[in-house]
Amino acid sequence: MKILSLFISPLLALIIGLLFLGISRKITAKIHWRCGPPVYQPLIDVIRSFSQKSISHGAFFDFGIILSLSSSVVLIYFLPVGDLYAMTSGGLIAFLYLMLLGPFGIALSSAASGNPNSSIGVSRKFLLALAYEVPLLLVLLTVMTHYNTISLVEIVNIQAGTGMAFSSWALVLPGIAYFLILPAVLGVRPFEIVSAPQEISSGPVAEFGGKHLAFYTLQHALQLFVGLALFVNIFLGGGTLFGLLNPIAGTVWATILGIIIFLVKMFIVLVIELFINAVYPRFRIEQAMRYLWKWPTLIAFVGLVIVAILN
Amino acid sequence: MEELKKKLLAYFTDLTIQIHDDYRMCINTQKETVVSLLNYLKNMGYEHFALLSCIDWIDKGEFELIYILSAYMEVCDKYQEKEQGIIIIKARISRDDAKVISVINVFENAEPYERELHEMFGIKFEGHPRLTPLMLEREYEIPPFRKDFDTLKYVDNTFGKIPSIEERKANYERT
Amino acid sequence: MDRNQISKWFKNPGKMANKYSFHVVYFCTGCGIIEIPPSITTRWDAERFGIIPVATPRQANLFLITGYVSTKTLKAIIRTYEQMPEPKYTVAFGSCPINGGMYYDSYNTITSLDKYIPVDGYIAGCMPRPEAIFIGVTHLWKLIDMDKADGYKRYRRDYKFYRANQEQLFKELGWPPLFKDASL
Amino acid sequence: MRELELFFGPQHLGMVGNFSITLKVEGDRILKADANPGFLHRGFEKLMENRTWMQNFPLVCRINVVEPDHMELIYSMAVEKLAGIEVPERGKFIRSIYCEMARVGSHLFGLWAYANMLGFDTVAHWAMYHRDLLLDLFEELTGARVYHIYLRPGGVRRDFPDGFTDRLVETLHKIGGKVPDYNATFFENSIFKKRAEGIGTVTREEAIRMGAVGHTIKATGMKYDIRKIEPYDAYDQVDFDIPVRTGGDAYSRLLTIRDDMIESVHMIFKLIDKMPKSGEVYTKTPNPFKWTIPEGEAYVRCESSRGELGLYIVSNGGEKPYRVHFNTPSYNHGLTVLEKALVGESVSDVGNIMISLYVVAPEIDR
Amino acid sequence: MSLELLIMFAFGGAFLTYLAGKISSKLRDIFALLCSVALVVIVSSLYKVETTITLYNGFFGMPLSMRLNPMAWFFAIAIVSSSALVVLYSMSYMKHRERTDYYYFMLLLINAAMLAIVLSGDLVSFFISWEIMSWSTFLLISYNRNAALPAGIKYIVMSLIGSMCMLVGIISIYTAFDTITISEIVQHMATATAGYKLFLLIIFSITFGIKNAVVPLHTWLPDAYAESPSPFSAVLSGMLTRMGIFGFLLIMFVMVGAENSLHMGRGFFSYHNILAWLGAITIVIPTFIAMLQNDAKKLLAWHGIGQGGYMIVGIAFGTSLGLAGGIFHTLNHAIYIILLFLSVGAIEYSTNGLRDLNSLGGLFKKMPIAFLGGLLGICGLIGIPLTNGFVSKWLIYKTLILGKAPFLAFATLLGTWGTILSVYKFLHNLYLGQLPQEHQNIKKTPLAMQIPIVILSLTILVFGILPGLPLKSINAMIVSFGFTPLTVSIWGISSETGTLNMINIFSILLVVVAIFWLIFQAARKSTAVDQYDNYAAGAAIPKDKYNYTVEFYAPFYRMATPYLRDIFDMLYQKIARFTEFACDNIRKIYTGYVSDYIIYIILFLALLISAQLKWSVF
């Protein structure tokens, strides 16, 4: 299974990520009362970017973007999609750190281009990350303390036995907090501050063209996948649905159905996020920080206190 | 309007003032008086500096500077006669030695107007902090808004003739 | 529109993707820009064909020059055009870039754009309706199919010609030549 | 300490129109803003001196691409004043309806621009769609979507087509019926409020000092509106209110724009009611190629959607104007008010402030 | 035998270097380098040797002894190897400075003193070496004079307070147990009362807390790091400050003993828990203060404080996992912080002493090696996977989460996320962005400065991918403290509650990077453009004005600056100012008139007499 998922997981994540990007463009178009592009439009964009010539501002301009995409793929290996995962080494902490590597690579690459718009974008990215990591860390620590493990797979497996994490009342508050910060994690409005094309010309992407842009788009698709999948894994029970698959556990069908359930859950979360995306303009960065450090942090902190007392 | 005219005539000596029926007051004056006149009118409540323009009377060898003032409302939601008034101040300067004192100390928003007139007519505004080019990228020998600037000739010289379709095709297939 | 023909995608993916993913440089060069918002929003929805505006020229492959070009804008246009990655297409929009239009005698607008940068297609009219933009785009598709939308190749080939024209207009362009080994 | 000069425009998604602002930035605060116009300079005032009185109509409307109608209006008014032509009663009403339609369209465009600036695509799409509905009516009336050239000295080019007023009322009801949606999603959106409140504040003293007009001064509480001060066309025959706010910031300006749009819609209904059912729509003028206008000068002004619009015109008794100078509201707003309003603000808000001041680049450059 | 040789070599080498400097500077350089390399060779030859030797028996009747055990060896090898690299680096860096003889003498003396500290078998030799180290550090911190002098004075005042505390502790131990040899103290400690143990822990904690800059006692550090010469800043931050960690290990797990020091107090209010919380505060606050710094070395200095917090948390939590994490982090921290100081030093060298984050930028094209060092250094500092910092931080987090201390874990993780922000600013403002015109033709980094940077960069990667190498000797140390050993293999750690396999991650990342690199190369080749061919909204770029460095996190600064001030430093400054004021006033008594002095004497006599009369006059 692990060997198999070494090949399947990144492909699945790329396809699903690009498909989700396309679907989100389509759904957004529908909200705008228009027809919208075909769902495979992101793929066309990627192919176009690859076919275009690009410019390079030096070795690190290239290296950063490769590193970013690669680390996102490695991230997929750590992420259980149903039963599909390749690695567990290091658990959720290693996962959190690897999540960092993607933005870090982008930051390296875009700052090497020497464009101030990129630098402002990167500075916003890190500030936003700091802002949402505070509640996110609290939430993840709550979950890890509650289940007394640092392994992501184990967290999913425990939920398979008990239903979704929401059904345990101690995890309701962290779940709410996580849901509040999810737009920030995914980088959709009202937290679309990093790229902000009308303010800083798409921020870090300002100098990316050709294959750099293609790599960025792929990385973006993977980040979308990871952001959604992490939420599904931690709070929605991953590829299980209240023990529905228990009778056929262990068979190939269970695995496939598990993946499908997982993807459906991701899709539902995505659609909710898209609606939020459509009805809000973007924050200013300090407003976003203030918001994220107010309600989500408070809720997550209360959740952590409850769980810490319970254990 | 009539009262204002009386006051102005009492205060300044070298003015000729006409009042038209549609609340337009036309004041002819010398270029030295303009700043103090504007100052006086500003204190009289004509605070809205609407326009600074220039006319090139090439036959007489003079530029005529036009300052247009109007008034804001004194009470926010009550319309009075005063706002309808428009004061047009005219001052003539020599075309060869086009110099005039800047009025940006009286009206802040005169700055871009003066920059533009400097660029388009070549009038030098003394005391203006940045008479840098505003609109134009290229430098022109004769400032373009002067009457002796022939646009068609200039276009033919600078941008060249417009190529015909045949020329375009030849250009496209040039190897 | 052959977007759904899979065999063509396998034959020449680059060309097909270039056709159906026009990323337009958002540059309001002239009054023609007023018809761009309607054509990218609800009513005409350019995104159907994959046409979206992007922030920087680095990500774009289509340059819509919307309307008359003043000398100051021309400088920015050249800069932006040179920063676009190849393959890149230029479509001039409205009558003015063709021959100056109603500004034929203006001292500050150039009369024909193709002396300074290569133009792949013109959409005539003042101002062309959004439908005209889409017709222009379909023509550009055909040109790309026939390999005739080769403005960027011409620019590379005749760079000396273009650069000479640009330098004749501007004393100082402010950036070094794009191609070092261009020949006329 | 290294300085940063950030370029906002001309090639920038946050720039509506071909305009450039050079920002001196420290961190994300703006220390100094330097407006850099001229990208759209065509030398209209020079070109108009070389064309006959009637030939100038295609030129004047191209001065402002967002709302060409008031440009036609002011030029017609100036020529009428110089030549002493009267407009027939029905013509006056048609002119006013036409200008108010243009105002609604222009405000919807402004709404599009502002929503777009904040990344609020949904509202932007709505606004642009509704503007398109209006443009359809313009097309029916004049044959063109953008540059209509409908007005002429002495009236309008042609009468309303049959049933036009019904379709107009229908369309306006459609737009007006959407206003609660706009309110709910946009104007009362908490994040939008947070973004718009308190930025680009221009107090009334500053506004007066810098010669601001239109919404910039209306948002500080002054009902400064040429339609009331110096009524032209049919504006003295209907009663309408001038919406004002007291904040002086971008949010107040936006709300003023919205209220003004609603007021315009109501005004169109009133104008249609009061309009004479039949009659001449224009006064005949001489052969346009031989039309000479007596020597003289005129300064006329009207209220465009962005504020007081003035035209100073001089005739030397010939077939062509001797000198034309437009006093456009964006000129003050873009070159004086904007530079002051941007200082101390965040880089994120440059576009918002510029749109809220209603700066339209071609108006500045001419 | 070889232990004596080691000490002799260390101290003798320092003096001989000074003398050699009087003959020729080249000779001195070579001699210093040989000396420090020889020390590395000797120490590494002593791997897994445990001996005790008596140096001198007649120190007021107390034997001064040296001993070598896993803990001492671990610290000794780190000290000598970092010192060797720094000496090599200094050969170029200090070439055209004045007073270089003095510099090398002090550097080697400090090195020797640190070696003596970790090897000392009794408290008196420990104290003597400690004082040698403190004083020579003071002299070297103020090497640059000017702004460096107050920094040095701040350091020595705080250091003296610490020394006095230690002296009190040593005297009390001597009076209580009548011995100063550590091994004997350990045996006596079983009979001591809990209160006395707590007293010892606290009094020594102050000493080592000052040295390791635990938060209320950290104020000497930022100025000292920033003002001393860069190679010495490296030694100072890498090893010298971490003598505090050595001291904590010594007092907590050797002298008092793990089972005693971890059960001092109850619940939250136990000694080790409070220490851990102090460590957590040490992580969070300085890390966020670091974000506000505009001086590259000061930024690193604040991180030096913050990273010290991780070690304290790991050690104070007192499980074998946490202890291993804390000790491993000490080593890792030494590696990457030395690397970072050296790469900042390289910039200082090339740009004639510039280290202001607001005025540099774009140096990565001109100084690729220094950039590589800086990049890997900050990766280690953050703890990006595949660098050494990750492993030690992972150990600490895991300890805290599974040890049911989620709030401590939150503090440590938050510190890490703060670290990312500030070190990225460091990297960006120095190396990335646009290169100023004036730095287009800067001095090249000499080879002697590049070699240490390359070696340290490689070490970061090696320890990150094969953490088993150092963890094995750390394991031996933990066992000697009486903890259960970890299951360490060459690639990481395995346990029931989750494994860490760095080779695994490394190989997968390598393969994926390789694949994407191939795809990247297979796509159309990109054109190289210079930095002025850049998107500027259609304008030509004004040279030197198109770079975002100043106020990098401006929105955050606006929010945080009111809250992030070094209140402790202000408090101490106030105390110092008050003392000065008080002394000034007391001095006024000495007026210089004979009559005044006579009055004083009479008053004093009157007081004496009235005291004798038991105040009965009143």
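Letters A, B, C, D and E mark the chains in the order given here, with residues in each chain numbered from 1 onward.
Just so it is clear, a contact is a pair of C-beta atoms (placed from the backbone, for glycine too) under 8 Å apart; a residue touches a chain by one contact, two chains touch by 3 or more.
None of the values given here were measured: they were computed from a predicted structure.
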item	value
Topological distance between chain C and chain D, in contact steps	1
Chain separated most widely from chain D, comparing mean CA positions	E
Central subunit by CA centre of mass proxy	A
Chain whose average C-alpha position is farthest from chain C's own	E
Best-connected chain pair, where connection means C-beta pairs in contact	A-E
Intercentroid distance (Cα basis), chain E paired with chain C, Å	59
Length of the line joining the C-alpha centres of chain B and chain D, rounded to whole Å	22
Cα-centroid distance, chain A relative to chain C, in whole angstrom	36
Distance from chain E to chain D - Cα centre to Cα centre, in angstrom	66
Multi-chain contact sites of chain D, meaning residues that touch two or more partners	4, 10-13, 15, 28, 38, 41, 43, 46-47, 50, 125-126, 129, 346, 365
Two or more partner chains touched - positions in chain C	27, 41-42, 54-58, 70, 72, 76, 80, 105-108
Sites on chain E at which at least two other chains make contact	533, 535, 537-539, 546-549, 552, 554-555
Listing of all chain pairs that touch each other, if any do	A-C, A-D, A-E, B-C, B-D, C-D, C-E, D-E
Residues on chain A engaged by chain D in the complex (per definition of touch)	28, 31-34, 116-117, 120, 189-190, 192, 196-202, 278-285, 287
Residue ranges of chain C in contact with chain E within the complex	27, 56-58, 76-77, 79-80, 83, 173-175
Chain A-touching residues of chain E, taken from the complex the two chains share	362, 364-365, 375, 382-385, 390, 394, 397-398, 401-402, 404, 406-407, 409-410, 413-414, 417-418, 420-421, 424-425, 428, 432-435, 492, 497-502, 504-505, 508-509, 512-513, 515-517, 520, 523-529, 531, 533-535, 537, 546-549, 552-556, 558-559
List of chain E residues in touch with chain C within their complex	532-533, 535, 538-540
Chain C contact footprint on chain B (complex, rising order)	135-140, 144, 149, 151-152, 154-155, 158-163, 168, 171-172, 174
